[in-house]
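What follows is a set of structures for review.
The same subunit A turns up in both complexes below, where it pairs with subunit B and then with subunit C.
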Partner chain A sequence: MTDTPGNLLLELGQPARATEALARVILRRFLKHRLAVLALLALAVVVLFAAGASWSSYAPTQQEPANPFRAPSGTHWLGTDELGRDIFTRILYGGRVSLAVGLFSTLLTITLGVLIGALSGYYGGWLDNLLMRITDAFLTFPTIFVLILLGAALRDQPVQWLKNSVLTVIVIIAALSWMWPARLIRGLFLVLRERDFIAATRALGGNNARIIFLHILPNCIGPILVAGTLQMASAIITESGLSFLGFGVQPPTPTWGSILSTAQTHVFRAPWLAIYPGVMIFITVMAINYIGDGLRDAFDPYVIHAGK
Partner chain B sequence: MTTYALRRIVQAVPILCILSVLLFFMVRAAPGGPLAAAERNPNVTKEQIELLKVQLGLNQPLPIQYAKWMGKLLQGDLGDSIKFRRPVWEMIVERIPNTLLLVGVSFLVMLLIALPVGILSARKPYSTFDSLATTLTFVGQSVPVYWLGLGLILLFYVTIKNPLSGLPLFPAGGMRTLGAPPSLGDLAWHLVLPVVALSAGWSAWYSRFLRSSMLDVLHEDYIRSARAKGLRAGLVFYKHALSNAILPLITMAALDLPSLFAGALFVETIFAWPGMGRLFWDAARGRDYPVLLGVVMLDAVIIVTANIIADFLYGLLDPRVKYD
Partner chain C sequence: MNKLTAYWFNPVAAARLLGCSLLVAACSTGAPAAPAAESAAATQPAAPEAAAVLDAPAAGGGGTVFLIIPEEPNTLNYYASDAAIVRQVADATSMTGLDIVDEKGEFVPVLAAELPTEANGGLSADHLSVTWKLLPGLKWSDGEPITADDIKFTWEVLSNSSAGALSGTGGVDLIAAVETPDELTAVVKYSSPYAGYLAQFAYGLLPRHATGKPEEMASWAWNRKPVGAGPFMVTEWASGESITLERNPNYYQAGKPQLDKLIFRIVPEPAAQLALMMQGDAQVQLWPGVDDVAEYAKIVGNKAKEVLVPGVWNMAIDFNLSKPFDKDPSATVPHPILGDLRVRQAIAHAIDYDTLVKNVLRNTVKPSTNPFAYGWYQCDLPRAYLFDVAKANQLLDEAGWVAGADGIRVAKGAQHAEDGTRLSLELQGYTNFEPLQRTEEFIVENLKAVGVEARIQNYDFSIIFGSYEDNSPRMIGDFDLLIFDRSLSVEPQGDIEDTYFSTNIPSADRPAGGNSRRWINAAADTAVKEAGATFDLSARKAAYCKLGDLVTKDVAQIFTYVFQDGYGFANNLTGYTVSTWGSMVWDVQNWSYSK
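So, the complex of A and B:
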């Protein structure tokens, strides 16, 4: 082994092995949070059901005009809606859309938030000032109102791919959610950029991009994961709400929100329409919230599980 | 303090400008825009549409339209509703008291639930009460307000009837019974379900927030000092800790105002409550853009103002905060 400072640092840090050990510790701590593990299982079941939607013997848009508003039975497990479509099948397919919107809008939100927060916190100065003023402006937006306005405007688009497709709903939700993660990341960067190991990296010739992405960002992984799970729960509620009001993903594509929307009109005739899609949203969101809680505890070095 | 106040107010101006520019161009970029309905109507000729465009000033370049709209906006003129041909401002003013009533009562109910729950949870963390409260707050945070509203209607309007009269226990919507003379009791009766729907998730959120805020404060040095000099635990908890733990709640509530308006929008839509949210939803379905722009701008102004007020309130209540 040569005695250059670079090698010494590598040996001391053991980056690969240290990361692996840390991941094991985090996993062990997460598994101790029993409710979070249960929530993970519940979410896995929801995902599996949505993934296996095409195994259903009905198509999500298949209508049976002779069978509207059938109560749950052996042939239609959760009943049918006003057009005689099978609710169980529509909920499974709706799950695909709701989960996809939740996941991908979260990925987009976190990416935007990380970029803006990292630039702001790392460089500081006028760039920080500018980015944070824009963030403040977005934070004062009455979000759901702006989303409805966007949804209403997009609904009239003549261009097909711009209409309220799954993609546009993902983009507009992310466009109005990146501010909280951006602030979080900025705060973490402000603290971490002053630490000695960053000074050491710089002394060794690491450039800014390298410092930001390889040295500071990996240290933010815990808070990012927690913020991401909470964002996903909120994105699913937002998408369902937007579709419930009629300005999200447009029919005939089923989402949990749009099935609930039909239910609102027929709540007196067919109460089961209102119950099951909501149960799915509720279970999914609650599971994600518990997973977020478990992750937070797992990454927080100060949390000690009281006998649990 | 005065310079700080001035700076905050001056800072709010570009924020509102960014919002207004974004919204205006977004709405006008929508195809058909305000005239979409007229263009779809087969009885309206092309000439009439052109005439309408000139009348409404829609044939001018967008920046000029924006300048005109902004100029009017600054004078308190939000334009006329396309659908109802009435000033937007007048329509909003009619609805504001109803929304304030709904939100105000829900806020009080939230405080009545969140304060005791949050405080008791923090008093004995990880006790049975705390575990139960934590579970319930997770439930409350995860229930979508629109589903809760539908569920309440299903339960208290459709399923459970008043045993004396056989009528529904609570009304499914509206603010007053049609045909009945307006009375406070009737209004309160109509308020019950919307308030429950709106305050449930909110109470969960705030009791959890207060609990963690309390636990944070209880770890501070001055709490240990207070205990060390012999003060009773209860006194330290309720006087020293609580008064400091409650402060972040003010900032939180102001920052959270957008989500509060969002909740009100859903509740008003489901319960046909004639407030601003319901007005907005109806306008969105009818593509009544002046109404949409008016409501969003007003909401934004309220949110910005509330944030500034919260900052000052915080400084007023917490002498440690210094303005520079």
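So, the complex of A and C:
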């Protein structure tokens, strides 16, 4: 995505030294989007809190079994859970895993999806056929069976730390979700590659890589951002599901997803337990969504044209 | 079917459903397949004159009672299913058999005139022949007489492998023949003695005239509209909604049942269930999933109360005594850490059992110290190693495990482990069962306090209880500690042999072996054999207690607590008794209800 400003410049027919000016235009457009700025701040706060989790005076697994389900107080800001653990601390630590899984698996998903969708849509022909059949094959796998198979494979492999690492979770989630962005991007490429400006670029001697990455891709930024924000939310929830199948993060390490699913069983006694992780996931996803909105507006070549 | 419904909202229900399928696999050696599996009928032994239905005082007039069940049974044929929900309905209609286990855990006769014993000549001296005598004048719900031939037919069905019976088949393969010298007498001939003979016809009789061919059992119309000997009979089944049962006019006990109608409503949503109880639109709720009795009363506006009864699911930690992750399922190489008894004792000393029961499980469970926590074989053994952190630390120091940099001990002169090995163990359990996870998390903190690291690794139920061929870690010996809830049925010998015999270590040659701890103890083998060699219950109990003592002193297992079953009963419902061994309707003929 770092190429994008360059591409916009070319489209605007401006000299390269104006990069700085354009970056300023984009930044200004982004800053104009109030919600996006607010969302960026909110996300920054969430990330900072998660990063600073170790400042909490409690350990995330420290228990007081005699004090379960306490209401928020001066000693426990958000109260305690079923084992008397400090919920605030667990939410902070949980954010580390959940944010990492959410952000990185989304990046990986989108990267994979864009790559495959772009190649498939741009080149067409046998490559399109091959890549799309692979995509179809992945789509037809029943997720639960793939996960159970993966679980068995991971159980038997010699590198024990791989089994419960966040890296494994990220890769698994990406491997199971790249197909949707891939098909989306392919569709967009199919349309855009026929457009006049692509023909013009080709006539001017632009090679395929240039056309794909500098000319077509920036026009897809809107749908990509939308797909990404949706993916992020589901990744955070999927993570907690994975630990049910024996890989992924195991208890007592907190994640937002696992706190949420444990809270479900205590819904009559302490309904508020589900609210905290729910609110955190909500804030994060909304923030990513609005940041995506802001970025789309800022980068959209049509908006820039119109604005000039 | 729906293990999730029950699981999410009801730990005990989940354990039951989950455990059932485990038991089916584990129980093939002869014990009844489902836990706590008997039938429904009288609490009091029936007096013979009670069978004279025609002279009985009028029953009925007691109105309609609504009962909430979280999921729909797919059959009311107890034998054709291993789902725990089936008998919660079937107990009221089709599961009235020759005898029953009452709330005290003792067998009492129901349709039989008396229990066959050596004293009354019902059990032959060589234990190879059992004579059952039916009460005179018994009738099926359709008015046909109940005869000894129906006992014979029940055996014919259960012993026919094409019938595909899933429950209640314990010891059936040991029956050589059933003879019926007259209408009221059935003589069961055994090829070898079976100590659990009293449990064999306790799950209900199958009427020859109203069912079908044994090999077609799965498709009998009887399964959904059984002709039974129970207090009620099915009159309407609205799939997905409700099952309606009306009073059986031919019920054998005079003046019973008092109620006219039972309507089982299928309501999966716990919140909706509680709302029905609160409004007084239902009188009985199965497995409410609220683990505090006072809280339950509050939620339903004091219209009903939750009654808890000790269940059969006993939560215990298994120790792997053989080296894990070495592709060798046998016990030849000792576990590098757990092979040392002192380490196992230290772990036993490190767990705060009282807090576990009182705070972590909030007193919803009963403490247990050994495998025999209920039933006629209950052993009240004191805890072998009490919670004592200082003692745990001392034992670990002695065993050559010294404090490490991060608080976790490392080996320095330990018995089996190389110097520098971290005292880190994988604690396996199964997922999707919140109380189990809570227990694990608590034990992890307990062990951390003495410098032992336990890494929780929960797998799906199908993996933990999978087969040897499927590489289940339990079977191939790839675990350090394994925690789950297990149960024993009324006749436990088959399970006990499977679980504790040193020859039953799972391996390629014995893939179904149940000694996954790889525990080899000659005294234990002797005790198990003793328990199986006699029909004398007190001698058998003594042998089981010996075994319980050995297994806990040698710390091959640590037993923690037994779950309780909960039932919600409306305050205006009376006459019920709850039983470890029975379903919620096991004594429904005694209930009465005032609007």
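Observations on the structure shown:
In the analysis below, the second predicted complex is superposed on the first by the 178 of 308 C-alpha atoms of A that agree within 3 Å, B and C clash if a C-alpha of one lies under 4 Å from a C-alpha of the other, contacts with A are read in each partner's own complex, and residues count from 1 in each chain.
Definition applied: contacts are C-beta pairs under 8 Å (C-beta built on N, C-alpha and C of every residue); 3 or more make two chains touch, one makes a residue touch a chain.
Because the structure is predicted, anything quoted here is derived from the model rather than measured.
By the touch criterion stated above, A:Gln250 is placed in contact with subunit C alone, subunit B being left untouched.
Contacts of A:Ser54 after superposition on the shared chain: neither subunit B nor subunit C is touched.
When the two structures are aligned on the shared chain, A:Thr143 is found in touch with subunit B, with no touch to subunit C.
Of the two partner chains, subunit C is the only one touched by A:Ala66; subunit B is not. A simple residue count on subunit A separates subunit B from subunit C, and the partner touching more is B. Look at A:Leu83: by the touch rule set out above, it reaches subunit C but stays clear of subunit B.
In the superposed model, A:Asn208 makes contact with neither subunit B nor subunit C. In the superposition on chain A, contact is made by A:Phe268 with both subunit B and subunit C. In the superposed pair of complexes, A:Thr111 makes contact with neither subunit B nor subunit C. Overlap of the subunit B and subunit C contact sets on subunit A: residues 148, 151-152, 156, 244-246, 264, 268.
Those residues of subunit A lying in contact with subunit B across their complex are 133-134, 136-137, 139-146, 148-154, 156-158, 233, 237, 240-241, 244-247, 260, 263-264, 267-268, 271, 274-275, 277-278, 281-282, 285-286, 289-290, 293, 306. Only residues 61-63, 65-66, 68, 82-84, 148, 151-152, 155-156, 163-164, 243-246, 250-252, 262, 264-265, 268-269 of subunit A touch subunit C when the two sit together in their complex.
Interface residues of subunit C, counted against subunit A in their complex, comprise 8-9, 11, 270, 274, 289-290, 292, 295, 299, 355-356, 359-360, 362, 431-432, 434, 437-438, 440-442, 444-445, 455-460, 462-463, 471, 473. Listed in rising order, the residues of subunit B touching subunit A in the complex are 11, 14-15, 18-19, 23, 26-27, 29-32, 36, 126, 138-139, 141-147, 150-151, 153-154, 158, 255, 258-259, 261-262, 265-266, 269-270, 280-281, 284-285, 287, 292, 295-296, 299-300, 303-304, 307.
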